[in-house]
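This report concerns only the one structure given below.
As written, the chains take the letters A, B and C, and residue 1 is the first residue of each chain.
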């Protein structure tokens, strides 16, 4: 489709709103009745399973407002700062970047014409797509990307994502204040961006697909400083119309958007407040178009009811989530320093039962990496439920009488249910568990502190589809610190560390995956975690809402949805 | 007039001390919770290095008292700080939430007084009648109901099942009706009873007899001579309740997802967002203090017998 | 036609099982321009009778058993609320015992007086008229005082204001229930002077309730002495005072302390006023009567006109003379 034609189409539509909509509606209704008739005809002639499948191939309609709800306010719409799964879909409305994922999780150019990585894996070169504009009308230059990435590294920005970009050459000197700019960021041409890393790193490409790397205009950031989050200016298809903090968000079309995909929706409205039960009630009364835009999708207590309701069930989509639920076992605190004890805890846990407690919304985990992750090892056997073997291993380790321990967890419904069931399982093998529920802030304080929490229950969600996102972050001994440590098992195995380092700096994709596979095998064998399960991702939407299927990394792509009335 | 001024200034001084005391207690209690605000700002997955930098930028590595001093300095300049979570100015956060709470409170107070005043007056006039006894029972039930439960029940029955009201949110005044109804059920019975007791006392007074003897209609006797006096003690109670409402009707706002001060306060506690916690607590305390002052002065205006001293 | 005619009024309190008669078959007349005093000890039923004239006694506890109260020949007890409201203030005005309590504390006195005007003489409902009324009752600096609240005035002033309020509606009958009892003696005299003065100038009827015989001497044309819900003697004032006929009246007269007398002790009436519902049999006064005869405990007497204009309820009144 011709870009100019689309733009003029949108322009005309905007100028002639109602009448055109009416005409379009009239046409659509005529076409739809024709479609139904022909579909019926085709059905009668045999060979088509569902009428719905045929009707679904209608043209998407322009216009309409998508109504959503969030339990708590988005923290920030500044791509350098926002790091919650809830805010990313909205960042994506406002901002775009150089790389995106396709339906098969391959990285493809987005607002770039093309890109390549040097053979040694140290230099990334991007050529920008021409004619891309910010929502203030200015055209994007490569220099803007240099500014964006440097901003993330700047300590004054307090970006939670600066860790992902520290691998850029000169980043450390810049952060320590010894250099005015980051050496490794260069824009030799207005449309060429070159990034040099200090060590080769094939996973860096994924960083460029994270919202941290979505481009921001320098002059707007410098104008608003800390208030930039209230005045988002990006290259995405939508702009922020209204943000009543804690009350609602409203997005409208970006008049300067020049991307390939058409944005059908006229506006997106997000109500802030209420919990998921409330949102489901509103959804059932037709006040929302998607029930819950959190990964859980549907509150646990209502799940069975939704599944039994044929109308609601049709709007429910499901796919495996790239996440793993686990219990980290603090390998520095006895008796969990004993590998046999840890293996025993794995055998003692009935994972199928846990999944049933969550209405069968997952599959048991045999390792660290979740199924959608490249490098997922289907051959890993993991630990089945075997309490006899658990008791045996405990006795061998000298804990025939069992021992006392504590499991920390967040105090949401899912964690609480799981923790209670696990406590029961473990008591069967003589392990007495004290449950420690806590609000998120306190939970993190406790479990990321060295020699503090013996066991911590929680999920780990993928940031990007590379094993390093799990293995390096969670199991590398070199990353152990006294406070704020993400290696919550405080696991330190020299062999594993070596494998992880080698994999991270390898330039060969196959070799990387092989090394990661080896590392994972050792990790599973040493059991610094109890590997629980991989959850499913859900989305419950109204029958009139159409759009792309669920995506493991970008589950909600609002800018590609449309409303059929 | 000078007497009033000195009274006013001494009361103001006390109010400031009260607020200061509140700020000290809240500050140190909030910081006593073992959680790192830098991590709240950084998010669950940030690494140690990031968090260390944030701690330094935000002066969290300074001693507590010094941090409190900074806060007080800011307070003196009208700066309540910024939210750790959203980076929004605390004053802005509170001011943007105020309309919802204010609208809900106003609607609720108006409706429950419109209900309580005639009911209170009439049950006093027709004391011990069936009407009076029914109102007593209903009122006692009403004020004993837990706010959260009542709100949910009304929401479930009238919004979700029957569809008479929107379920939640705040898009227009219609969204305030059900939350206001919750508050009315909770408060109207209590106020009707208050007004009833006060009216009963007033109706047995000599000046009411005098009013009747002058030939005034029963309406004028009840509502002009009677109610005017009966409301005097009720005003103190109302003032305090209004202050409490403005500080944030936490349960009701939460159930109906209204973006008011109550939800702000609740969220800030879960997130351990200390500046917002401080802000909402201080705001609440300020409302109570203001209500106290206001009621005091209202008393003088309303009851001429009260001496100004 | 008398301005006020109370005919056989009977008023009870309590349920029909345990009723107490506060007023028993009472009859009394007040002519236009006349001042009648009702005298008796506390609890004899005089206040209730006075309040009944405008039907101001609340009728859940009280019950009108029988009788009529005719004001300008219309029975108050059978009037509708609307009719009553024309009587109240318009024909009959009240002045009560505690002026401070009878004035509404939250309204200015000017406002309260104006209220009466607006109800009964709307054309005259102006500040000027209020000031005139206040001057009439002798309040100095009346123009400033209309903005005062009741608590800013002394007891005597408050009573004057009440009188002004009562007069505002130009009533035909002023009912004053112990108007001076709560005031000190010097103020009492002033108020009485005022009432006498007003009576002369306006030609108003006054029904004045009191237990003070001195006031009776001062102002009354006729006196009715009440005991235990009944009138026991009814006579022109100076006749009664010079020559009381009923033993009770005589006892009352005797108990007034006399200046210059040598008596060491005050004469009292032995015994106590009987409680409602526990009236003695026969003549209600007989247990305390110095002239009681044997059959006084069985037979009660009716109110009989023994001389022109003189009524006594006693079989042995003659014996009391001298």
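The rule is simple: contacts are C-beta pairs under 8 Å (C-beta built on N, C-alpha and C of every residue); 3 or more make two chains touch, one makes a residue touch a chain.
Here the structure is a predicted model, which means the values were calculated and not measured.
Trainee: Considering only which chains touch which, label the overall pattern as line, ring, star, complete or other.
Mentor: line
Trainee: What chain pair has the highest count of contacting C-beta pairs?
Mentor: So the pair of chains linked by the most contacts is A-B.
Trainee: Name the chain with the Cα centroid closest to the overall protein Cα centroid.
Mentor: B
Trainee: Please identify the chain with the largest separation between its CA centroid and the CA centroid of subunit B.
Mentor: C
Trainee: In angstrom, rounded to a whole number, how far apart do the mean CA points of subunit B and subunit C lie?
Mentor: 53
Trainee: Cα centroid separation between subunit A and subunit B, in whole Å?
Mentor: 40
Trainee: Taking each chain's centre as the mean of its CA atoms, how far is subunit A from subunit C in angstrom?
Mentor: A distance of 92 Å separates the two centres.
Trainee: Using the touch rule from the top of the page, what residues of subunit C touch 2 or more other chains?
Mentor: Answer for subunit C, listing residues that touch two or more other chains: there are none.
Trainee: Listing for subunit A: what residues touch at least two other chains?
Mentor: Answer for subunit A, listing residues that touch two or more other chains: there are none.
Trainee: Give every residue of subunit B touching subunit A within the complex, in rising order.
Mentor: Of all residues in subunit B, those touching subunit A are 33-37, 39-54, 56-58, 82, 85-88, 92-93, 96-97, 100, 155-156, 159-160, 163, 166-171, 255-259, 263-264, 267, 270-272.
Trainee: Okay, in this complex, where on subunit C does subunit B touch?
Mentor: 54, 56, 81, 84-90, 93-94, 96, 98, 101-107, 115-116, 119-120, 149, 151, 162, 165, 169
Trainee: Name, in rising order, each residue of subunit A that touches subunit B in their complex.
Mentor: 69, 72-73, 75-76, 81, 83-84, 155-156, 158-163, 166, 175, 226, 229, 244-248, 271-274, 278, 281-282, 284-285, 287, 439-442, 444-446, 448, 463, 473, 479, 481, 483-486
Trainee: Under the definition above, what is the set of subunit B residues touching subunit C in their complex?
Mentor: Per the touch definition, subunit B meets subunit C at residues 205-207, 209-218, 225, 228-229, 232, 302-305.
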